[in-house]
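Two complexes are shown next, each including chain A; its partner changes from chain B in the first to chain C in the second.
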Partner chain A sequence: MSEWRFWFNSQRGTLLALAIFILTFAIYLANHPAIVNNGLTVQGVGNVVQTAANKGILLALIAIAQTFVVLTAGIDLSVGMIFVLCNVVASFVVVNNLGAAWGFDLGPVFGPAVGIVLVLLVGIACGAVNGAIVIFGRLQPIVATIATSAVFFGIALWMRPQPGATPEFAKALGKVMLSKVNGVIPASMVFLLIVVVLLWIPYRRSVLGRATYAVGSSEAAAYMSGMPIRSAKFLAYVWSGLFSGLGGLYITFVTSSGQADQAAAGTYTLNSIAAVVLGGVSLFGGRGSAVGAVFGALAFLTIKDLMFVLNVDPLWQPLLQGVILLIAVSIGSARLFQVRNRLELFG
Partner chain B sequence: MTDQTTDVPVRLSFRQRLNVPVVTAFGCIVLLLVVGSIYSPNFLSPEYLLQQLKVGAFLGIIATGMMVVILLGQIDLSVPWTVTLGAMMASAATAYGPMGEVAAIPFGILCGLLIGLLNGVAVAYLRIPSMIITLAVNAVAQGLMVAYSGGFSPQDSASPAMKFIGAQSTLGVPHAVVVWIIVGGLAVFLLTRTTFGRAIYGIGNKESAAYLSGVPTQRVVVAAFALCGALAAFGGVLLAGYAGKAAQSMGDAYLLPAIAAVVLGGTSILGGRGSYLGTIAGVILITLLQSILSVMQIAEFGRQIIYGVIIVAMLLLYGRDQKLR
Partner chain C sequence: MDATNPLFRMEGISKRYGGVRALERAELTVHAGRVHAILGENGAGKSTLIKIMAGVVAPDEGRMLLDGREVTFPDPAAANAAGIVCVFQELSLIPELSVADNIIVSHPPTRLGMIDRRAQRGLAEEALARAGGGDIHPSTLIKDLSLSRRQIVEIAKALARKPRVLILDEATSALSASDVESVFGVIRRLRDDGVAHLYISHRMHEIAELADTCTVFRNGRNVATYEARTKTDEQVVELMIGREYHNVFPPKPPRPEGKKPMLEVKNLTWSPRLNGVSLDVSAGEIVGLGGLDGQGQRELLLALFGVLRGASGDILVDGQPVSINSPREAKADRIGMALIPEDRKTEGLMLPMAVRDNLSFAAMSLFSRGGIIDRSAERRAIDEVIKLLAIKTDGIAVPAGSLSGGNQQKVVIAKWLMRKPRIILLNDPTRGIDVGTKQELYQLLRKLADAGAAIILYSTDYDELIGCCDKVLVMYDGAVKRMLAGTEITEKALIASALNIDADLKGAGAMRPAAQ
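What follows is the complex of A and B.
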């Protein structure tokens, strides 16, 4: 019985985010014009969910990326730029005839597969650069990632001064990744589930995963306990790069093109912070999970879309979104209501 | 003569007296100018240097507020839309006849001050991490400005007084530079000669210690955020004067350079350490770097890469944390 209570206490943020998401998505579905007009059919709901899922997975992947670094009590302001850079890279290499220019053609199956691996390697490399600067250079993550994101943006802009894609881009693969399995379940959500089950859960249970939490709770205590703190922090940045890369890959499936978009990078970075906070991941480190961040991201997007289906005047939508974001993150993170002693406030 | 020197009880070593970040930053400025002058002798002309100081003045005023907040160990991410809000509100006031023209500058600053107060109260009393609350307040300020302006750049233009301090110059000296000197002088006085300034450094080092020493820490934090908001809005007012009118998202280009300028000047992002001289050096360094890279006609992508690499390289020289023991 008492163990159950501990579990509930540690998952409180995740469960709250899940509750917010279910509530807002139910309101969203009930007011969506396609469902209001045609009634509650499996086909109609499936379409609405598919559209929302294909939008949601982008922020969900970036939010997971942010989670790894935030768990170590750091912050990664370059997730949006790694996302954009990987989008640009994917628009070059995820093609049906990879290697044709060098005399070997990998074909429409292996070509895109190798291209995807290349994109993810770029993401991992970006994360490794961040990790090396933060851990071995001993710079503060916030400044280091601001600087590296300028470099990542420069590289993206160099590769694609104008938005576009190679004509051989693997559009068929993109269509599959955005389709519905069995005509009901969105493929993107299946992909997200596979990623979480195959990557997040083994990581969370490994020694390095637990060390990540320990570093976030108290770096000095983790060091004294002989935790592999350097490897844990480095790995957190590498995972962050990998998941940003996955996000960049997915947006290439959505848009079938690459664009060095500075504004989009900034928006995704800021939204990823909002999503992890909504998802119950503590910015002080050591608390929260990627699952919570996913629900935080989905809830955040649903709140935004709610304005649209409720026919709020477009001019007032940004303000309402801002106020809702303000209230949501304030309630989630205000420590005023949790302290018993005045000195604890300064902790 | 020799008797007097023996009275000095403690002599700081050369390295302790030398402020390494500030010296390095100024050294890099000189290096940039030398490299630039090899490329073109115009880089050392007074006109070019004053023009750079004028461009740097806007960043300098915004970075002053950011520095006060960073010294507390906090950060203000609401700067972009506070800048825009200051510019738009001042221009809006100008549209209300002669009285509005007089009130334009104070009104713009007041609006920024209110945004800063909101940040400060949330950080100091509700204890919300500044990174989150200022991010959300930035979204609210953006929403307010979009609702006010209808999503377009407003038609109101800047008042004559705003244009006077933002765009014009006397005897070749741009008024914006004079304003920056005044703001900077006040900031130095505030940080080094007043209890408020000492309290800011104290809170940045350890808030609980400052509190137990009798510093009203919560009020100081609120005041510091209000100051940052007011200065960001003032920077926006000057920018509107410089450009003639306010524009959507005109402040977006100032957040990261402001943080970078403060940090390059040797102020610790964890708070408690840093001097205003360093911030001046950081602002000039970033302005010169951007200018020289664009004059050399390096493509945008190259500028971004060089910009990022130089910030990392300089911080690796002197901005590193203590090793964990």
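What follows is the complex of A and C.
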């Protein structure tokens, strides 16, 4: 029994995010026009969930990316721009005839597969640049990533001055990734589950993964304990780049095109920070999980969409969204009232 | 004992911090299967010596030999790999990780590249049991444990690394008596297995009980090494303090009789760190707080200044009960209190901001009207304190961070003097500043007291308590254990009562129980 208590304690933030998500999504579902008009059918619920899932996976992936850096007590303001850059790259390379221009057409199976690898490598490279600047340049993460995100934007803009698509884009693959498995479960959620199980959980249980938490919680103690603090930080930025890249890949499946969209990058970056906080990841570092961030992202989007289905006057929507978000975030910080030495409030 | 082949040797180790010599050609020889106690006052160089052994800081000169071969440790991981493991006084535990994660922190057992949590759990439980913490659940987060329990985890963490040389730096200072006993049992077992121990403690009876060899450090050098239990407590204290004594203190005025106290504290409690502190300070009096580090002195000052939430007990100013819930209330004219904090860099100064701004922060209300600062009044007030304290600065527009340590400390004090406080609390104000500035500060404190201020001075430097204070309250375990006044304040009396040695030392003067 007491084992459960420790587990509950360590997962408190994640569980809270899950609860907020379930609550808001239930309200959302109950008021959705498709459900209200046609009753609670498997088909109807499946469609609503699919739409929400295909939108939610984008922010969920970016939120996971943000989680890695926030766990080290840093912040990554370039996640949105890596996402946009990878979208632009994907719109060129995830194609059915990759290599045709150089005379070695890889065909409709290998072509997109190699293309995906290339996109993810770009994401990883961006993350590695961030990590190298923060660790070896000793710059503040917030400044370093503002600067690199401008660079990434420049590259994206150079590749696609105008929004556009490649005719040979692997549309069939994109269709599969946005479909429903068995006609019920959204493929995007299956993909997210696979990513979390294959990438996040091994990371969480690796030595370097633990070192990431240690660095964020107390870098001095981690150093004194002889932990690999530099590698851990570097890896956190690399994984952040990889997950932003996955996000960029997925938006390309949705739009089948690429766009160097500065506004979208900014929105995704800021929303990812809101999502991780909502998901119980501490901005002071060392606490939280990617699973929590995923629920935080889904809850965040649901709160936004709630206003539509509740028919709130559009003029009032941003204000109400903000208030609900504030309430949701405050639940997690209620424990500050227990602090006894007031100096610790500023720690 | 293998006298010819020491396990570990340090030769001619020197280390300077800025202009301050922390160690000067220090030597140390450690043998397998022995408990080697290191004694010395605060600042004698013990901590620096250990940090060098553990790879935390690099020595300026000198060499270290392990098994007769020269070694260097660029970081703590290298020292650990060589079998030198330190239980630090400042804990090296990571608060957000679980007990098991912390114990097996650097090289956890892995399976398929992932941490094998079941195996790790087993190792952690074994180490905890050996360290006498079998009742600590391995899944608890460190931040949810008490200080005493954390210390046990810290020891378990060291044991899990299979040390050859185990360094315990004040490892028992946070432990309860029963925990100390079980830790001693562990140390004895390890000693019999051939592990060398370096044991740093201020607790004389622990050293008498445990140590095989003792080395005394003073002013950054090892001054004596002897077999344990061959010297009396008195001789040891003599060795620890036997340094030249500078007469840098201003003369003390005769103690006034029958004056009403300006500040009275009754039964102040903030468990577990403060357990019923009572004291009183009159105008014109400098009261010292003595005792070992971490016996509640800092908490006492913070509680008086309204920083600690949930502190109970009565505080009376001029005989009137007051409640102080924040520094803002403490500094209000009604109470007129000022606290010179322990860490000037984080709690005293805004380093990148100008000297002028730093000086004005606490006294802004005195020369502003309707929220607008009267710049010329500010300028006059600043000129006055800069002259009073002889602060050496390149004008008042330079950042506070560009001043020397001593002048930074003067700025912190000056910023509070601008308010003309009646009650001044000082938390170790001379730490890390040069002798000349120290002397000026002593003169200043006496001058302020003569002008009618009530002063409480916490210091880790016994000389200072002796030279400056009209009376000294020695704290132990969150309470005032003894009060020394006038000629009773001697170094021997201070050390003896700080160590809670009951037997009177010869010439230590009469000790009175604390005034209740």
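The working rule: the second predicted complex is superposed on the first by the 339 of 347 C-alpha atoms of A that agree within 3 Å, B and C clash if a C-alpha of one lies under 4 Å from a C-alpha of the other, contacts with A are read in each partner's own complex, and residues count from 1 in each chain.
Everything that follows uses one rule, which is that contacts are C-beta pairs under 8 Å (C-beta built on N, C-alpha and C of every residue); 3 or more make two chains touch, one makes a residue touch a chain.
None of the values given here were measured: they were computed from a predicted structure.
Peer 1: In the superposition on chain A, see if there is space for chain B and chain C together, and answer fit or clash.
Peer 2: After superposition on chain A, which the two structures share, chain B runs into chain C.
Peer 1: Under the stated touch criterion, name the partner, chain B or chain C, that contacts more residues in chain A.
Peer 2: Of chain B and chain C, B contacts more residues of chain A.
Peer 1: By the touch definition at the top of the document, which applies to A:Pro33: first (chain B), second (chain C), both, or neither?
Peer 2: In the superposed model, A:Pro33 contacts neither chain B nor chain C.
Peer 1: Check whether A:Val151 is in contact with chain B, with chain C, with both or with neither, and answer first, second, both or neither.
Peer 2: first
Peer 1: Regarding the shared-chain residue A:Pro163, is it in contact with chain B (first), chain C (second), both, or neither?
Peer 2: neither
Peer 1: Classify the contacts of A:Gly183 with the two partner chains as first (chain B alone), second (chain C alone), both, or neither.
Peer 2: Touch partners of A:Gly183: none, neither chain B nor chain C.
Peer 1: After lining up the shared chain so the two structures overlap, which partner does A:Gln321 touch, if you call chain B first and chain C second: first, second, both or neither?
Peer 2: Once the two structures are laid over each other on A, A:Gln321 reaches chain B alone.
Peer 1: Can A:Ile142 be said to touch chain B (first), chain C (second), both, or neither?
Peer 2: first
Peer 1: Does the superposition put A:Tyr223 against chain B (first), chain C (second), both, or neither?
Peer 2: both
Peer 1: Going by the clash criterion at the top, which of the stretches 345-353, 417-425 or 471-479 from chain C hits chain B after superposition?
Peer 2: 345-353
Peer 1: For chain A, which residues belong to both interfaces, chain B and chain C?
Peer 2: On chain A, the overlap between the chain B and chain C contacts is residues 220, 223, 339, 343.
Peer 1: Which residues of chain A touch chain B in their complex?
Peer 2: So the residues of chain A in touch with chain B come to 75, 133, 137-140, 142-144, 146-158, 161, 219-220, 223, 229, 266, 270, 273-274, 277, 283-284, 314-323, 325-326, 329-330, 333-336, 339, 343, 345-347.
Peer 1: Which of the residues in chain C end up touching chain A in this complex?
Peer 2: Contact set of chain C toward chain A: 56, 75-78, 80-81, 88, 91-98, 101-102, 105-108, 110, 113-115, 117, 137, 139-141, 144, 157, 270, 302, 307-310, 326, 347.
Peer 1: Which positions of chain A touch chain C when the two form their complex?
Peer 2: 2-3, 6-7, 9-10, 202, 205-207, 210, 213-214, 216-218, 220-227, 286-287, 339-343
Peer 1: Residue numbers of chain B touching chain A in their complex, please.
Peer 2: 75, 122, 125-129, 131-133, 135-137, 139-144, 146-147, 150-151, 206-208, 211-212, 217, 252, 256, 259-260, 263, 269-270, 299-309, 311-312, 315-316, 319-324
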